[in-house]
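Quick heads-up: structures coming right below.
Next come two complexes, and both contain subunit A; in the first it sits with subunit B, in the second with subunit C.
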Partner chain A sequence: MLFHLAWATLTRHRSRTLLATLGVAVSAAMLLDMVMLASGMRTSLRNLLLSKGFQLRLAPKGTLPFDTDATIPDASNVIRVVRTIPDVTAISPVLGGQIHVTIGARTTTATALGVEPAVQGDFEITQGRTPAAMNELVASDDFLRATGARIGDTLSAAAGYDPQLRSFTGRRTLVLVGRAHFLYMPAEQRAVGLPIATLQGMRGADARDRASLFMIRVRDGADVDTVLHRLQAALPTVTAVSTETAMRQVDERLSYFRQLAFILGAVSLAVGFLLVTTLVTVSVNERLGEIVVMRAIGVARRRVVLQIVVEGVAIMLVGALAGLALGLVTARYLNSILASFPGLPAAIDFFLFEPRDAWGALALLTAAGILAGVYPSWRGASLPIATTLREEAVG
Partner chain B sequence: MSDADALLNARDLRREYHMGGELVRAVRGVSLCVDRGDYVAIVGPSGCGKSTLLNLIGGIDQPTAGSVTIAGERIDQMSDAQATRFRLRHIGFVFQRFYLMPALTAIENVELPMAEAKMARDARVHRARELLAYVGLGERRDHRPSQLSGGEQQRVAIARALANKPQLLVADEPTGELDAKTGTDMIELIAQVNHDGTTIVVVTHDEDLARAARRVVHMRDGVIVDDRRQDG
Partner chain C sequence: MLAALLIAAFSQSIDSTPARRPPRTIAIDERLAADAHIKLGDRLVVSMTPGGVGDSVIVSAIVRRRADPSEVARAEYRAVMHLDELQSLIGYGDRVDRFAVATRGGVAADSAIRRVNDVAFGFQAFRSRDIAVETSRTFLVVSRFHRAIGVITIVASAIFLLCIMLLKVDERRRDVAALRLLGISSRSIVRSVMVEAALVAGVGSAVGVALGWVAAQLINWHYRGVYRTPLAFALVTPGIVALAVILSLVLGLVAGLLAARRLVHMPALELLTGRHEDRRTTLPAAVQT
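Now for the complex of A and B:
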């Protein structure tokens, strides 16, 4: 009966209830988006870094991976040293650079990643296969679109442009063997992947036995920090970064971002709370006569309070559920805009949906709905019955 | 008849409150004893304290001094929760302005006190139907208050007041918002309720309603100035 009366009261003023619910929905959508925004980038970056199981990265001293064009010399020695460290199960060297592919009269420039195909963690093959020979490469969708090349085509490629000599240091004929999705690159990036030795050779003396980055996989259950310290001790000329270290640095850089999201989320919650408080207060004030008569005929005060609180919670819950759906739609739209931000890997999401966040937002809104209803309903249910009836009668 | 036979026994009731900075003595030492099955009309000019007395008798207001005993229970000494429970089980209320829940249908309004008393749904629906038939609204049970006339709303209010089979029914100007014809019907209904065993105390300006009572109590300036039984 209590729930029925709450429902009947809400549906009696359909327009007002609908408008309040929509207001809560907008507020809930914004709250969810802010919660998703506060943790989305961090979580998706972490997922990306760990997606291929590499927990450690080695970068040139004083830099972060691919932060600069600097490279690590004596790459083969680094690999040898790393392999001697206990608990290391794989090391994947990566050399970055540019490659120029000529098809007919047109030359297309692309980012090239030189990798060890057997252990690489930079791309996933979506069609064809991984390069197996020194003269094979894979390319991104955007590269294939730009060049019109197809799997099986032979391409003329050059790298290591010398502006003084106005010539490339290395030219090779390469066979396109696959289409790949490059994990750390922006969506619209033209990219190719090929054996690191091939790219080193094409870039000439500057890149001989050099790598931009090493990715290191550690045995499951091993202490990553211990391996990190051993790497730092064994290779003082490089910077070793664990995923956790990288995340801490990312956290520092994103702290303002998160604060902004937190503040906007809190404002959304406050708006939702005030909206429901206002609605419940207006509703209680309109129904003072009914409320005190309920008390007069023997309805317990806590039941009257509960009935009114249920009304507030119902608006919050329905609004919140609609808001969650609206929040997901707006998050997807906003994500598509932000994803085109220059230089960001396509796999990074600004708004990442996690059920825990949705439950959290729902719980916050429900708590706000309860709080919003408690004060006005308690006030209404605590009014002196006889005095209120007399005042109601006077008008 | 002795006090021991009384359903309601009010002793030296006083009710004072402040209004606009002035002390109002609404009820100034009223004693009233109402027997089981009696039908008492309290009459008097506006502001004489009759509605305040009814509120004290009904347990929705607390006396400044004095006592109210109903069915052997001192309701003036009860906590708010105890008084609420007592009203639910023992007192039915009818108000001048009906005060039905506008969001509920007629039958749901009648069910409300029974639901609060934890009566099983089937049983309360059955009793609500019986009560609505009793007050002549068996066919209009699914109508909302806004779809009912004033007289019909007051009939629903009476059915609601009788829901938990109260020993005492208190009514404050139950014909006050009704036209003459509907008021006459209401007077007959209230008399029927009394005839069927419910003790009634009614406050009214309506001479016809007062004439229908077995006993009329006249008040003036917060005190009872006349109290007499009527013939018939």
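Now for the complex of A and C:
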């Protein structure tokens, strides 16, 4: 009977209940989106950084990986020192640069990553194979589209210009051996991957024995922080960054979005709460006579309160379920906007759906629905029966 | 070059070594000055690598950054040096990263760009405006995101306002019924409800604008502190105020009109006794008995 009474009350004012449910649905959608925004970027960044199992990164002193054009000198010595540190199982040097590929009369410029193909963690081969020889490279879809090159083609590439001689410098003839997905690059980036020694040679004296970044894999079960401290002690001229540190620094830079998510999420919850509180309060005020009659015929106060709370929770739950679907649609749209940030890796999602987010939003809304019904229902059920009956009868 | 500047800035320390030649001057930004407790006239050593051999310089200026959105999330320090000294310090040779070229008006700029690009190899001339468009892409994305969030917020507010107005008018059903029984015309009742709705929406808008202004001040105070920039993060412009007030008034009036029309089309006696609700409600058998 409890639910039947609640249902009867809610359907008594259909348009009012419908509007309130719609309002809660929009608030719930916003709340879910903001919960997803608050945690999604962190989670997808963490997944990306750990996707190849490298827990630590070495960058030029005072910078984040690839944050500037700075490079680390004496790369072979860095590799030698890192290999002496216990629990390090792999080190992958990376050198960034630009490469100019000339096909016919047209020159295409692309981002080049010099790596050790055997241990690299920057790209995944989607077709063909990893470079095995010094004159081999792999390329991204966009590079292949822009140049029209195919696997097996021989390409004429250069790493720089000499304005005085009006010619390319660092020329090499390279063979395209694979198509690759570059993990840390934006979706529409022309990129190639080739052996680091080849890129160092192409770039000349500026890049001799230099690397932009080292990625370090630590043995499973080992304490990453201990390895980090050892690296910092052994290599004072570089910055060692753990996944946690990188995330903390990115968090600082993008704290705006987290705070925006918190503020808008709180506002959404408050709007949903206010909406249901208002509705339940008005509903209780309209039914004071009905409530005191129930109390007069022996219905317990607790039961009256419960019935009114059920009404609030029902609006919240139905609104939240509709809001869940609406929230997923709007999150997809908002994510597509933020995904067009220049330079953002394609694998980063600002809005990442995780079931615990949906449960979290639902729990918050349910709690808000219960709270919204408690005060007006308790006030209504606590009115003096005789006086209220008389007032309601007289009008 | 920026990287080299950063490295130079990070590696600064109070100079205790004898100068090889008269020290040149350097300007640093106030963020670096505050964090490293550097004052005008201090002598520093700047080097390419941390702890490496460097040049002595004297701090001749502490500069305040411009309100540039592209720098807002970058927590780096900045130092401005004489070009030849920086080239020498970082072994850059006779090279620069870019030139800024002033021309006499738009036509001269077009002609200069064309001529530079005709003769250039390995570099290209751009119009400053085009570079500004390219570097502001990040903010266009943020702006689009804000607009989308704004639309969702407006939809939520509109539903909230409609619901509140509906409840408010519904609460007046006995007054409306009494007025109708006294012979007041439906048109007068609708008008009176709409005037009330407009007043509520107007007062609500004024309170909302005041709250928005206070929130904007708090946001600017907070983020200026976080990002250490003079940028304004939130602005309450006359256009935004006008949009909020007009939207609120229109929604309030529409909601008032809908609710009032519903009330005036119901029999007055039923409104007075509340039977219009009972007709629409089917109570469960347990309650009916």
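Note that in this section the second predicted complex is superposed on the first by the 388 of 395 C-alpha atoms of A that agree within 3 Å, B and C clash if a C-alpha of one lies under 4 Å from a C-alpha of the other, contacts with A are read in each partner's own complex, and residues count from 1 in each chain.
Operating definition for what follows: contacts are C-beta pairs under 8 Å (C-beta built on N, C-alpha and C of every residue); 3 or more make two chains touch, one makes a residue touch a chain.
From a predicted model like this one, the values you see are computed outputs, not experimental measurements.
In the superposed model, A:A20 lies in contact with subunit C only, and not with subunit B. Shared-chain residue A:P384: touches subunit B; no touch with subunit C. Between subunit B and subunit C, C contacts the larger number of subunit A residues. Touch criterion not met for A:W359: it reaches neither subunit B nor subunit C. Contacts of A:L338 after superposition on the shared chain: subunit C is touched, whereas subunit B is not. Within the superposed three-chain model, A:R12 lies in touch with subunit B and with subunit C [touch as defined at top]. By the touch criterion stated above, A:G298 is placed in contact with subunit B alone, subunit C being left untouched.
Shared interface residues of subunit A, touching subunit B in one complex and subunit C in the other, are 1, 4-5, 8, 11-12. Against subunit A, in their complex, subunit C makes its touches with residues 2-4, 6-7, 10, 49-51, 73-75, 120-123, 137-138, 141, 144-145, 148-149, 152-153, 155-157, 159-160, 162-164, 166-167, 170-171, 174, 223, 226, 274, 277, 280-284, 286-287. Across the interface of their complex, subunit A is touched by residues 17, 51-52, 55, 58, 60-61, 80-81, 84-89, 91-93, 95-97, 99, 101-104, 108, 111-113, 115-117, 160-161, 164 of subunit B. Of all residues in subunit A, only 1-2, 4-5, 8-9, 11-12, 289-290, 293-301, 303, 384-387, 389-390, 392-393 touch subunit B in the complex they form. Contacts from subunit A toward subunit C in the complex involve residues 1, 4-5, 7-8, 11-16, 19-20, 22-23, 26-27, 29-30, 33, 60-63, 68-70, 73, 160-163, 166-167, 236-237, 252-256, 260, 264, 268, 271, 274-275, 278-279, 282, 285-286, 330, 333-334, 337-338, 340-342, 395.
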